[in-house]
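Structure record follows, encoded as C-alpha cells.
A, B, C and D label the chains in the order they appear, each numbered from 1.
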Amino acid sequence: MQGMTIIVKTISSWVKVLIVLFGIYIILFGHLTPGGGFAGGVILASSYVLLMLAFGGEFVKKDLPLSLVSKLDCLGAFMFIMIAILGLVFGGTFFVNFLVDKYGQPLHLLSAGTIPFSNIAIGLKVGASLFLVIFSLSTCCKAGELDSH
Amino acid sequence: MLYALCFLLFMIGLYCAVVKKNMVKIVVGILIMEYAVNLFLVMLGYRHGGIAPIIDKSHLESQAALNNFVSSSVDPLPQALVLTAIVISLGSLALMISLCIRTYEKYGTFDITEIRRLRG
Amino acid sequence: MTIFYILMIFIVIASLIAVETTDLLSSVICIGAMGFGVSLVFLFLRAPDIAITQIVVEVLGLIILIRATISRDLTFISGDKEFFGTVVSVAIIFVIFLAGLRVFETLPEFGTAIFTQVPNAASQTYISQGLEKTGAANLVASVILDYRAYDTLGEATVLFTSILGATVLLRRKAKNTPETLQPVSES
Amino acid sequence: MSIPLPAFVAIPLATAFLLPMFGKRGKDAATVVANIATILLLVFAISCIGESGVYEIGKWPIPLGINLVLDGLSSLLLLAISVVSAAVMLFSAGYMEQYTAKPKYLSLFLLMVAGMNGVVLSGDIFNLFVFLEIASLASYALVGFGCGHEELEASFKYTVLGTIASIFVLFAIGLVYGNTGTLNMAYISKAIQNSGMNAGLGFAMALFIVGFGLKAALVPFHAWLPDAHPSAPAPISAMLSGVLIKSLGVYALARVVFNVFGVSLAVGWLLIALGILSMVVGAFLAIGQWDIKRLMAYSSISQIGYVVLGIGLGAMLLAKGANPAWASLAILAGLFHLVNHAVYKSLLFLTSGSLEKATGTRQLKEMGGLAQRLPFTRTTCTVASASIVGIPPFSGFWSKLILVMAAIQAQYYWIAAIIVFVSLCTLIMYLKVQRYVFLGELPENLREAQENGGTMLVAMVFLACLCVLMGLLVLVPSLRGSILEPAVTVLTDGLKYSDVVMGM
C-alpha cells in the first residue's frame, strides 16, 4: 500500500487530530453521556486506520510501532484488572467501586469513582487492539498472493 | 410481531450459516444471527414513550422530574448486555475473518466443498 | 411504532439480499446496510449507547470484511449443487420458525418492558438508585462498569483473546525448526 | 473462605495480559511465570475442597450484581481443570518449543483456563455466557495454532459451530430474561418455580441443550470434534478433550437442567438418548481410524457419552420419583467418570504428542515396535489405556462399574448391556493402538526415535500416577465424602440450589 493523493493525505492528517480528540472526549465523558470506553476506543483506532488508508501501512508503522501498540493493548487490559484488584485491596471485595464517595459530585467530570478510570483503561485497550487487528489483517497478506502448496 | 421479525432474521442467518458453502457467506450468516439476537434483547427493555436511561440536569431539578424519569426510562440492563454482546461478536468476527484469509491463502478459494476436495 | 416495522422490514430485506446474492462484495455491503439499520432501530429504542457502538463497530467490521473479500474470487459462487439438501434444511428451519412463533406469546407485549411486571427487578433498582449509588449519570455506564463490571472484564478479555488469536493465526511462520526426524511421507 | 473466589479468574487473566509483553527473548521467563500461575491455581483449588460459599462481586447484593458460587460441583470441576491444566502446562513447556510465538500460546492457554474457571464459578447466566466465549475463542485460536492446511480448516469449522452454539445460548438467555426479568441463576430458578414452565422457557431450554450439546460434542452435534482435536497441538487436544468440552458442555448443561429449570422425564430421556448415541457412534467410528489422535478424538465422544448417560439416568430417576439413592448412584458414576476421563484422556493425548514429536507421524501404520525406544511413553500410554478400557485396579474400572450398578439397580438392564458392549469396543480400539504403536516390527526410519525428556516426562508420569490412584476417590469414604458426594448432592438437590445460594 503506497497511499493516496496529496489532497487526501493532507486532509486526513488534519482530520486525524479531530477524530483523536473526539475519541478522547467520548471516553472521558462516558459516565455522563452516551458512549464510553468501548465506543471511544473504536474511534481512536479508526483515526489511525484512516491514516493507514491514506498514507499506507509503512508510514503508520513508523509513526506508531506495532510492538508499542501491542504493549498498550496488554497495558489497558492489565489496568482494568488492576482496578478490580485494587477494589479487593482497598474495598475488601473484587471490583468494588472503592472511590465512589471519595471525590466529585454527580454530573461532573470528576465523579462516579472508578468508572472513568475503567473507561480510560478500556478505551486504551480497545483502541490499541482494534488498530492492531486491522493493521495485521491488511498487511499480513496481499490479496491474490498464495502460499505455495 | 416485532419479536417474530427478529426471530425470522435469526432463522435467515441460521439458514445462511448452515446451508451456504462459501466461507464469507457463513460469516455473513453468523453476523445476521448476532444482529437478530441483539435486536431482540434491546426490544425486551423498551417501553412505549420511554426515554433513554441517561440522567441529565433537567431530571435532577425536582423530585417530580426524577420520578418521571424513573417511571419512563427504558431498561438499562439489556442495553448493557447488548454492549457486551456486540463486542464479543466483533471479536469472533475478527477471528473468523483472519481464519478465512489464511485459508484462502492456503487453498486459493472460499468454497468449503472445494477445500474439502483439495484436502482429500 | 410504525417506524420499527419499516426499519425491521428494511433489515430483513437487506439480510435476504445479503444471503442470496452471488457477489460477495454486495453481500458484505448489504451487511453494512443492515448494520446501519440496526443502529437506527437501537436509536429509536432509546439506546443511544448501543447505537453509537453499533455504528463504530459496523464501520470497523465492514473494513475487516471488505478487506477479506476484495479482489478475492469475486462473484465466484458456484450454485448450490445439493438441491435436495437445501430444500430439506429450508423445510426444517421453516418448521422451527413456525414452532418458535408461539414462544413469543409468552413474552410481555412489545413496549411493556419485563422489568415493570416483575416485583423487585434489578433494573428497577438500577434506574431509581443508580445515580446515587454509583455516581454515574449514564445508567448504562453504571451497569456495565459498576454493577456488572465483572462482565465487562470478561468482555475486554474476549476482545483481547480474539485479537491475540487473530495475530497468532496471521503469523508468517508457525514452526521453529524442522522436526528432529524427517516425517514419513504420507502414502 | 480463605481464598477470595475471583482469584481463580484474576490470576490467570493478569498473567495472560502480562505474558505477550515478554516478547521473543523472554520465552523461558514467560514459561516459568505461566507454570507458576497454573500451579498456584492447583494449590488454591485443592484448598477449596469441601468449602462452599457465595461471593458477591463489587459488594452488590445478588439480583443487582454478579455472584460467584462455589459448591460441590464447582469445586470438583475446578479441581479437574487445575490438575489437568497444571500437568498440560508443564508438558507444553517442552513440547511447544517447536512452534513460534510461545508467549502468545501461553497467554491464550491461560485465557482458556480463566474462561473455564469463570464458567464453573459463575452464578449469573449472562456471565456464564461471557466466560464461555472467552474459553471458546481462546480454543478456536489454539486449534489453529499450527497454521497448516488442516489446522486452519479444522479451526474454521470449530469456530463456526462454536459461534452458532454461543448465539443459541445468548438467544436462550434473552428468552429467559424476557420471561423472568432476572439473570441470576438462583432468581431465575425461583421465578420458574413460582410461575411454572411455559412455551418460552421450554424453547429456551431446548436452545440451551443444543448450544451446550454443541460445545460438549454430543453425537448429532459432534461434527467439529474429530477435526479439531487431531489438528490442535497435542497439549491443546489434551485440554480440549480433558476439560474444555466438560466444563463448557456437560457442566453448563447439568447446571442449567438440574439447578435452574429443574429435571423432567422428557429431558432425562433426552439426555440418556444423547449419551447412548454418543457412546455407540463414537466407539464405532473410533475403531476404524488409523490416525492415532483422530482415534482418541472419537473415543472422547464415546466417553463423554458415558458422562451424559450417567447424569441423564440420574435426571430421569429423579423426575420419576424413584429411589433417590439410585439417582445419586447414577450421578456419582457420571461425575466420577467425568473426572477420570479428564485425567486419562489428557494423558493419552499427551502420549500421542510425545509419540508425534519422537516419530514425526500420527499414522498407526507407520509406527511399530516403539516399546524399546520409548519406554516411558509406552508405560504411561499403557496405564492410560488400561484406565479407559476399565481394567480393575485403574480408575476407569470403578466409574464404569458404578454406572453399570446404577443401571442394574434401576432395572434398565439394556442400558447396562450397552455400557458393557461399548467398553468392549473401547478395549478393541486401545488394543489396536498398543499393537500398532508399541509392538511389532520397528520401521527403518524410526530407529533413532528418542524419548522426550524433561518436563514432558514429568507431566506424563504425574498424570499416570493419578490414573492409578484415582480409584481411591470412591474407595476411601473420607475422600468420597469431601470431593465427589458434595457434587452429587448439588445435582440431586436440584432446585434447592436457589435457596442455598440466596441463603448463603
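Simple rule for what comes next: contacts are C-beta pairs under 8 Å (C-beta built on N, C-alpha and C of every residue); 3 or more make two chains touch, one makes a residue touch a chain.
Note that the coordinates shown come from a computational prediction; the quantities given were computed from them, not determined experimentally.
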Could you pull out the chain whose C-alpha mean position is farthest off from that of subunit A? D
If I rank B-C and A-D by number of C-beta contact pairs, which comes first? B-C
Whole-angstrom distance, CA centroid of subunit B to CA centroid of subunit C, is 3
Quick check: how many Å separate the C-alpha centres of subunit A and subunit D? 36
Approximately how many whole Å separate the CA-defined centres of subunit C and subunit D? 28
Which subunit C residues sit where two or more other chains touch them? 48-49, 53, 57, 60, 64, 67-68, 72, 100, 103-104, 107, 114-115, 122-123, 126, 131, 137-138, 140, 142, 144, 146, 148-155, 157-163, 165-167, 169-170
For subunit B, residues that touch 2 or more chains besides their own: 14, 44, 52, 54-56, 77, 81, 83-84, 87-88, 91-92, 94-95, 97-102, 106
Which positions in subunit D touch two or more other chains at once? 6, 13, 17, 20, 57-58, 126, 130, 133, 137, 140-141, 144, 147-148, 152, 155, 177-178, 183
What pattern do the touching chains form: line, ring, star, complete or other? complete
Note which residues of subunit B are touching subunit A in the complex, please. 52, 54-57, 60, 83, 87, 94, 97-98, 101-102, 105-106, 108
Write out the stretch or stretches of subunit B touching subunit C in their complex. 1-9, 11-16, 18-22, 24-25, 27-29, 31-32, 35, 38-39, 42-48, 50-56, 69-70, 73-77, 79-84, 86-88, 90-95, 97-102, 104, 109-111, 113
Once bound in the complex, which stretches of subunit D touch subunit B? 126, 130, 133, 137, 140-141, 144, 147-150, 152-153, 155-156, 159-160, 163-164, 166-167, 170-171, 174, 177-178, 183
Spell out the part of subunit A that touches subunit B in their complex, as residue ranges. 33-34, 38, 106-107, 126, 133, 136-137, 140-141, 145-147, 149
Residues of subunit A touching subunit C in their complex? 26, 30-39, 42-43, 45-46, 49, 70, 73-74, 76-77, 80-81, 84, 94-95, 97, 100-101, 104, 106-107, 111-115, 118-119, 122, 125-126, 129-130, 132-134, 136-138, 140-141, 143-144
